[in-house]
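Next come the structures, one after another.
Paired with subunit B in one complex and with subunit C in the other, subunit A is shared by the two complexes that follow.
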Partner chain A sequence: MSGPARLSIFAAPLLLAALVSAGAEIALNERRSAYDDMSRDNKAMQDDDTSNPGMLAVLDGEALWAAKAGASGKSCADCHGGAKASMKGVAARHPSFDASAGRPVNLEQRINTSRVQHQQASPFAYESKEMLALSAYVAMQSRGEPIAPPDDPRLKPFLDRGRAQFNQRQGQLNLSCGQCHDDNWGKSLAGNTVPQGHPTGYPIYRLEWQGLGSLQRRLRNCMIGMRAESYAYGAPEYVDMELYLMWRARGMKVETPAVRP
Partner chain B sequence: MMGRAGLALAILSLATPGAAQESLRSYEVVGDAIPTSLTGQPGDPERGRAIVVRRESTCLLCHSGPFPEQRFQGDLSPSLKGTGSRWSEGELRLRLVDAARLNPATIMPSYYRVDGLTRVAQNYRGKPVLTAEQIEDVVAYLMTLKD
Partner chain C sequence: MARTLINVPQKAKRGEVIAIKTLISHVMETGFRHDNMGKAIPRDIITSFVCTYNGEEIFRAALHPAIAANPFITFHTVATESGTIAFRWTGDNGFSQDASAKITVG
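Showing the complex of A and B:
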């Protein structure tokens, strides 16, 4: 067989698939959380608050919610009251547009704005025990709520940027997020099931990490896997990606604190 | 047609004067193949197998194959079983060097290419995933996979 003839067999059907799949998002009714693909044991661990290791951080977060902090001498509860009512649905609609920042901010950034401006306290660092605890406690108040990205036209350019990043091939391995999470979910990447990559459970307790981690920690992990230059925690690029991931998962239920292998 | 690698080398040496990086060899693409060894030497199939199964090469993230000792293999792509009877040596070489040249949308990385990539992590920048010698070893190994 001649080279070019074989080339067309090799390339043509795939090219066609690629054109169709470029930017092809998963149909809304085909979306699934990585929870659905977990072992029975891991599901049980997530489902039962007495065995979910993420609940320890949630308890720490509850204490932080009530603790007075900073020059204001005020606690979160002093302004917001009980988190059960006041924080319900908040994580489900972040990132959201912040007028003074002129761009979307994620839940961690919103927490830090409150700490700095209202409590006159120092901001918590990303991935610090305190930030993970407080964001897990706040996000858990949305558990079971549908993810509901704000219908805010000011978010549009940032959402578009997040989507473009998701579909941009990057790193030495020249992969895009979408090539794994839109085009190859459900398949085995050296034994790991490729999830659709929904941000439903963050912060998550990851067994491999032996601890809690934020969504941005997860995104860094994927970028390192692609051998791409990752961003600093809190970078606008990450927040734009978070915004797109939340939009992509709109209507799916918040699982925080989720457990992942 | 000359491969892009030669041009990449020129750009690379302009951009990073004095940087001690392995320079990419230039190669010639004929049809859907690179008929000539990148090093001018035949590869070593035994070394090639070792390269395919080690984690840093990334092959088994996506592929499976006749590697009974490897617990973790992927299924994002065809099994490597029988590749040596499906393709000629030159065709395999191009598929390893720059699969995207044949199918721009492929998920298979280009193992011997440094140009046209975005946001490559600093420690990998300007370096191909595999060296020319490693490519030849892997090609030699894949050619032994007849069934």
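Showing the complex of A and C:
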């Protein structure tokens, strides 16, 4: 696991120069959410809060927000108050730099830090029902807000690493993320339209999954598709890539909880 | 407890055809799958959905293993009188969930 990871960090600049063909970033005004490529039915499902199945998890998340947890006996709401005001825009600016971790953390990690440090509760597992529900509830408070990655110089090296990973060929198919999502978006891959890959609506309700899933689950999906070795949930490599993807989608509107086929 | 989302118009004209949309959280485990150890995962589905309008049954559906998780059921009825439209989902392992919505017919 750490072998290929370490290789990617040191070898990325060399490989970049040698292997990436076009690798041009999509012009800001040409960017589109995968929402635009969905069928009318799927769009209607996402648009109506009483037919969007992601909203079922949001209801669970709302209950978790108000539920007391851990040795502190405090709920999220006891410190943060109503999520509508306090969590507005929060998902739109994650991953953000965490001074104690010395690196960027994503929304899920931020929630778990809060649980452990302030609620003195056990952290939620990645992709657990609770984590998905609470992160969906928090992220939904940013719905309609533009994605706004923090302008923080401390994030720069991690952003660069995320970009390098995005453009690095990997796996048995020897593909980079950019070869599909920068160079060939809008074309077909096995009957599906290749999306630009903007993380506008996570956690998403994916019909194929019959459930909610995080951005890291989606990234694993792509890596398995490239026959590359995927990282463990919460791995720094994933968070760096999330950081780059959010930067790449800067200014686009948050759609959480989005529905995708 | 399962989460439900109901969409019934709050107001309608008498005789108007109204759309009713219902969504419920449920795994709808088919009973045909096996876990990593090869053990069969027992079936756990909603088997029946009933809608009543002021106590009178107006819609019923039988659900089967091929129906996806979190079933979404939508149908139409005629708004006849003000009152309550109630929903009940029942299923395997004693599953039962109720929800209702008020409608004013003028």
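Assume the second predicted complex is superposed on the first by the 238 of 261 C-alpha atoms of A that agree within 3 Å, B and C clash if a C-alpha of one lies under 4 Å from a C-alpha of the other, contacts with A are read in each partner's own complex, and residues count from 1 in each chain.
Throughout what follows, a residue touches a chain if its C-beta (ideal position, glycine included) is under 8 Å from a C-beta of that chain, and two chains touch if they have at least 3 such contacts.
Quick caveat: nothing in here was measured; it's all calculated off a predicted structure.
*Asks:* Is the number of subunit A residues in contact higher for subunit B or for subunit C?
*Replies:* Counted on subunit A, the partner with more touching residues turns out to be B.
*Asks:* Between subunit B (first) and subunit C (second), which does A:Ala228 come into contact with in this model arrangement: first, second, both, or neither?
*Replies:* So A:Ala228 only meets subunit B here.
*Asks:* If we overlay the two complexes on their shared chain A, which of subunit B and subunit C does A:Gly171 touch? Say first, second, both or neither.
*Replies:* First partner only, subunit B.
*Asks:* Once chain A of both complexes is superposed, is A:Ser100 in touch with subunit B (first), subunit C (second), both, or neither?
*Replies:* Once the two structures are laid over each other on A, A:Ser100 reaches no partner at all.
*Asks:* Kindly classify A:Leu59 by the partners it touches after superposition: subunit B alone (first), subunit C alone (second), both, or neither?
*Replies:* Second partner only, subunit C.
*Asks:* Now for A:Asn184: first (subunit B), second (subunit C), both, or neither, which partner does it touch?
*Replies:* first
*Asks:* Which residues of subunit A touch subunit C once you look at their complex with the stated criterion?
*Replies:* Those in contact with subunit C are residues 45, 48-51, 53, 55-57, 59-60, 207, 210-211.
*Asks:* Enumerate the contact residues on subunit B facing subunit A in the complex.
*Replies:* Touching subunit A: residues 30-33, 58, 60-62, 71-76, 91, 100, 102-107, 109-110, 117-122, 124-125, 127, 129 of subunit B.
*Asks:* Under the stated contact criterion, what part of subunit A meets subunit B in this complex?
*Replies:* Listed in rising order, the residues are 2-4, 6-7, 10-11, 14-15, 17-19, 21-22, 168-175, 179-180, 183-184, 187-191, 194, 224, 227-230.
*Asks:* Which part of subunit C faces subunit A closely enough to touch in the complex?
*Replies:* Touching subunit A from subunit C are residues 3, 5-7, 21, 23-25, 28, 68-70, 72, 74.
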